[in-house]
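The block underneath contains the structure these notes are about, expressed in structure tokens.
Residue numbering begins at 1 within each chain, and the chains themselves are lettered A, B, C, D, E and F in the order written.
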Amino acid sequence: MRPSSRPNDALRRVTLTRGYTKHAEGSVLVEFGDTKVICTASVDESVPGFLKGKGQGWVTAEYGMLPRSTGSRMRREAASGKQSGRTQEIQRLIGRSLRAVVDLGKLGERQIQIDCDVIQADGGTRTASITGAFVALHDAISGLIAQGKLQESPIRDFVAAVSVGVFEGRPVLDLDYLEDSACETDMNVVMTGSGHFVEVQGTAEGVPFSRAELDAMLRLAEQGVGELIAIQKAALAG
Amino acid sequence: MRPSSRPNDALRRVTLTRGYTKHAEGSVLVEFGDTKVICTASVDESVPGFLKGKGQGWVTAEYGMLPRSTGSRMRREAASGKQSGRTQEIQRLIGRSLRAVVDLGKLGERQIQIDCDVIQADGGTRTASITGAFVALHDAISGLIAQGKLQESPIRDFVAAVSVGVFEGRPVLDLDYLEDSACETDMNVVMTGSGHFVEVQGTAEGVPFSRAELDAMLRLAEQGVGELIAIQKAALAG
Amino acid sequence: MRPSSRPNDALRRVTLTRGYTKHAEGSVLVEFGDTKVICTASVDESVPGFLKGKGQGWVTAEYGMLPRSTGSRMRREAASGKQSGRTQEIQRLIGRSLRAVVDLGKLGERQIQIDCDVIQADGGTRTASITGAFVALHDAISGLIAQGKLQESPIRDFVAAVSVGVFEGRPVLDLDYLEDSACETDMNVVMTGSGHFVEVQGTAEGVPFSRAELDAMLRLAEQGVGELIAIQKAALAG
Amino acid sequence: MRPSSRPNDALRRVTLTRGYTKHAEGSVLVEFGDTKVICTASVDESVPGFLKGKGQGWVTAEYGMLPRSTGSRMRREAASGKQSGRTQEIQRLIGRSLRAVVDLGKLGERQIQIDCDVIQADGGTRTASITGAFVALHDAISGLIAQGKLQESPIRDFVAAVSVGVFEGRPVLDLDYLEDSACETDMNVVMTGSGHFVEVQGTAEGVPFSRAELDAMLRLAEQGVGELIAIQKAALAG
Amino acid sequence: MRPSSRPNDALRRVTLTRGYTKHAEGSVLVEFGDTKVICTASVDESVPGFLKGKGQGWVTAEYGMLPRSTGSRMRREAASGKQSGRTQEIQRLIGRSLRAVVDLGKLGERQIQIDCDVIQADGGTRTASITGAFVALHDAISGLIAQGKLQESPIRDFVAAVSVGVFEGRPVLDLDYLEDSACETDMNVVMTGSGHFVEVQGTAEGVPFSRAELDAMLRLAEQGVGELIAIQKAALAG
Amino acid sequence: MRPSSRPNDALRRVTLTRGYTKHAEGSVLVEFGDTKVICTASVDESVPGFLKGKGQGWVTAEYGMLPRSTGSRMRREAASGKQSGRTQEIQRLIGRSLRAVVDLGKLGERQIQIDCDVIQADGGTRTASITGAFVALHDAISGLIAQGKLQESPIRDFVAAVSVGVFEGRPVLDLDYLEDSACETDMNVVMTGSGHFVEVQGTAEGVPFSRAELDAMLRLAEQGVGELIAIQKAALAG
């Protein structure tokens, strides 16, 4: 039995609250159970130096956790003067995941900067971030279209992410903190609306995992991402 | 007329939501109109090195803004590798203000770490932070008493803060962003429940101000802080 | 009785030595008793990026203390790799105070960089710095006029600063280190030659202070700054 | 046809030169074709703070590239003052991969520090690093056994890594730089001698990849790692 | 007797392996006995900001040691976030030494960046670096001539370096680590092919040294550099 | 003719003002002509970690320049967040030079920290710093003896330093800024009272220098240091 009593193939309750803060071009509060992340998309009408004059845009991301989003207080990265390796890994993953579904040529010479800030953590902050950030990005791009700055959307497909793992010997979907800290294997899977893979990152925390376990985890992820994309579509239709 | 149509001596709508996030010993969302700050208080059963073995506690604070809490995106301080001078000024002010009403000897050899994170900014983030942080601190200390770790409260008095300024020639209370960016003088006043001053920080942004203007601003601050402390008391009674 | 036996409303001996070092466009050694600060003004015929092409100038300041300007050696900030929050607060205060009396439009597209370096500290280094820096700035601007680079002076008024506090229950003027480290309240007041306020920064170190104490401190500050401005005028006439 | 004319399932020439430098307890030059990495293992008879007194050891890794190991010179990380996100990702991956096959309890309270320094890069530096680092680690542990500091080896299994990808529509094994910079999908797979997975990290650089492509890449990786572990065994027997 | 049994005036075995790595315009492995340094020269068709538009080129150098190039592991400078004072001294010395024999005007508006990375240290890494870097620089410049980017060589003379010292009371040439860590005086001498001095850096580690000792060390250095330049010439002819 | 009209073998006017600031255990203003440096010696009754429990003391030094000690303003190192390579070289040189004449065993387990801060620069700041720092160190040690903390002085000899160079083809003593910036060769020589060498650091700025020039510079340095040590003795007797 999972600590949360969920079936092995059940997501936590997922909500996407659009327009969560007032300044950003896209602003979404994403909740995967008790994990809560504010995702904003900011439009910048210029591009980083390495893209100047190339006729294409860019999507990038930054990630942070409030110091007391976690059970015991973490050191504030702004105070310690650098972002941890974990933070950098996550923000690079978010950026790559979103760029995989955006036609950067069609975006034009502008950058969309995503910020994912965890205000409460209970496992799965990176997959919640990707799932919420896509909706914030979508809202920012809809704004550009509404203003006439874009004629057609550069978004090619939906993208969402979920974690899967092997917990007490059984594959489970969408790990919360209790599962995440105890599981043998943890895998984050990012997929598109058409069912293709953008990222697969599996790590054996303890015992290495077999090909059969890998296959079972991938099947759960395919199902979970499908449900998440349905939730994204409902939120955007709302 | 003020941009918000408020009377010169009117606060914005102020709310204090306790228990806003689940992990911290005290967690408060404070709203001064559209300014929203998450204030958490974390209990650490040790003290900084300079207080080891001295039989007293410590209260300290850190402050941050989400990159897109503002109208245009600010650089993330964790990414730029240092906290700005403004950030450091504000977090030092929050810490001093709270320590002014805490008997550090009675707190015992433990530290309470305050984190104030602005999720939406519309002027007055430092005064909202102090006002909300006091309630988070109060909740954390109530928890210590409930657990039997403290016999009596080390809190000696309430403390709250408000900004006042001279806007288009007239003293006004609780400046929002539109007023703050246009006013001639900006003053932040931190006061206790018994009507004494903890901090007075007035700055002429443009024209230096007269003693008469200073006196008028102090009167508005005395009134405003009185109202804020009433709101704190109501929240703690709730 | 004050440790120095001074009357409550007496400044320490204040001297301003112009032309203290040979390279800077303005160079002043300011002494408030045993507090000694070298203030230089350096003219830079360009402006920071955010002012390029705006037809106005800028005045900014940096502050430092020699490691052994104090009773026990402080860590060298260049070696520790960052300026403390206190240093940043002080240098921001010096810059704002000077800009309050300079017509930046009349200064033209150039920057005057102030450096205040404490070679011996005995309390009141920030107020001595502002008082001395104004004279260094004045000399640098006189040099620009003499060279024909400016037709008229952009300086609108004098500016000086003094600390006041409540020491053993009584308001006192111009605290030295013994008073500063023991006082209940410490306030730094920056005022112009015409008697207006540029900055008022009061902090209750221990017991919060009453409105009556605040008023008494402000009266002392008004008197003290008046005397300091007379000393500045004498130095510039010398 | 692959740029190197290799069959799709062929590794580059792989060599492992033990005892490459004289100071380290384990020192291996690993070559995957033109990719050359010096891997050293240093024994430290103490553990990091978080493990003190826990009766177990630790294995950690750092990674770097000589500035001109690449086609155009990269900035030296020591000079720029920080390690890139990519560097941190890779060194965390190397450390996790090695820890997955070491019984940290049996290692005792000591740390083995791995350093992987790329002296010439041609794609696959992280998989070469893991493959070479395992041999350096093995040599360091053999030394501890020879000195009587360990009674039995804490190494539970072999571990090696290889990259696979989809290049011009076809799954290929062990990408060199030309393939790596042009491929649609790049996956790094870390496996044990018993054929289980330690890490699977797949990224769609361009077009998201299908489940069928993922399965084909995994099959190539299983074969390739098997060959690499045979090479490790031969090197250790040599 | 020296620890290595060498005569007092004997160099260690010195080898210069050109074309050591494949990407750099010049790439040399220099060995002074067990001291091994990879020296690369990278051509950059631009100059640093302070030389833009001045019609001349630049030669600069960076230096590093692999963490386990030494008997006990050193902290990785990229991880600690800064280069030590020793590293900076050495790389400044290498740069100055090479610039002393290059006509920067004839080099044209381009920069040659030298990297010296120690893969195994046994004393004399800075003198080996200079000696090897000259050959890498020479190869890079020969390449520019071969490509028609330069009509004539800007190299005016050869340059090489050697250490000398007073070990157990006697002047000795080319100190290895055992001598270096025990000697009373250590001097590094950089000279040209025509027998002139570029740098002389002598330090009394223990007892200050006499003028007679200084003269004896200089004589050994003159002889040793002569031999090193012969080895450079042979390598370039090879 | 030298720009200053001094004979080739003449020092500038050198003064040593003891007791220059009031807090430090030793405090000396040293002037070599227009070069002015405040040298303080601070006694710290503990030693750095690497010397704990070894029964010996330490002498170390830091160096800095006020931003406008020079003709054009330099960036403040505390603001830029790091010390330049030049600063580190100089402070390491000062520390080594002083340690060469101190019996660290006799000093006991305490550290003397030297700070050399240039308030006005006109060439030769490092040699002036060494010469002044020795006197500050001597005063600090005399204080320890007077307090009974030391029975006998750990100072074994005097030490002073001077620059020599080749200017317009002729060897000259004690270069000022005009000479220093134009000379072909610049050498700093640190010597003891008994005429032995502690450091010899010669650099060809332009044309490499001959052995004859080196010998001539050494002779000038021997004479100059002799005169400086006489001035030190007179100051300490004063």
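Here, a residue touches a chain if its C-beta (ideal position, glycine included) is under 8 Å from a C-beta of that chain, and two chains touch if they have at least 3 such contacts.
All values derive from a computational prediction rather than experimental measurement.
Student: Could you tell me which chain lies farthest from chain A when each chain's centre is the average position of its Cα atoms?
Tutor: Centroid comparison gives F as the farthest chain from chain A.
Student: Taking mean CA positions as centres, which chain lies farthest from chain C?
Tutor: Centre of mass proxy via C-alpha means gives D as farthest from chain C.
Student: Roughly how far is chain A from chain F, centre to centre by C-alpha average, rounded to an integer in Å?
Tutor: Once rounded, the distance between the two centres reads 59 Å.
Student: Indicate the whole-number Å distance between the mean C-alpha point of chain B and the mean C-alpha point of chain F.
Tutor: Centres of chain B and chain F (C-alpha means) sit 51 Å apart.
Student: Two or more other chains in contact with one residue: find those residues in chain D.
Tutor: 81-82, in rising order.
Student: If contacts are counted as defined earlier, which sequence of chains do you get going round the ring from chain C via chain F?
Tutor: Putting chain C first and chain F second, the full ring order comes out as C, F, E, D, A, B.
Student: In the complex, go through chain E and note every residue touching chain D.
Tutor: Within the complex, chain E contacts chain D at residues 21-24, 27, 34, 36, 38, 40, 42, 44, 62, 64, 66-71, 73, 76-79, 81-83, 87, 113, 115, 117, 119-121.
Student: Taking the touch rule as given, give the residues of chain C at its contact with chain B in the complex, in rising order.
Tutor: 82, 85, 88-89, 91-92, 96, 100, 157, 187, 191-192, 194-204, 207-211, 214, 218, 222
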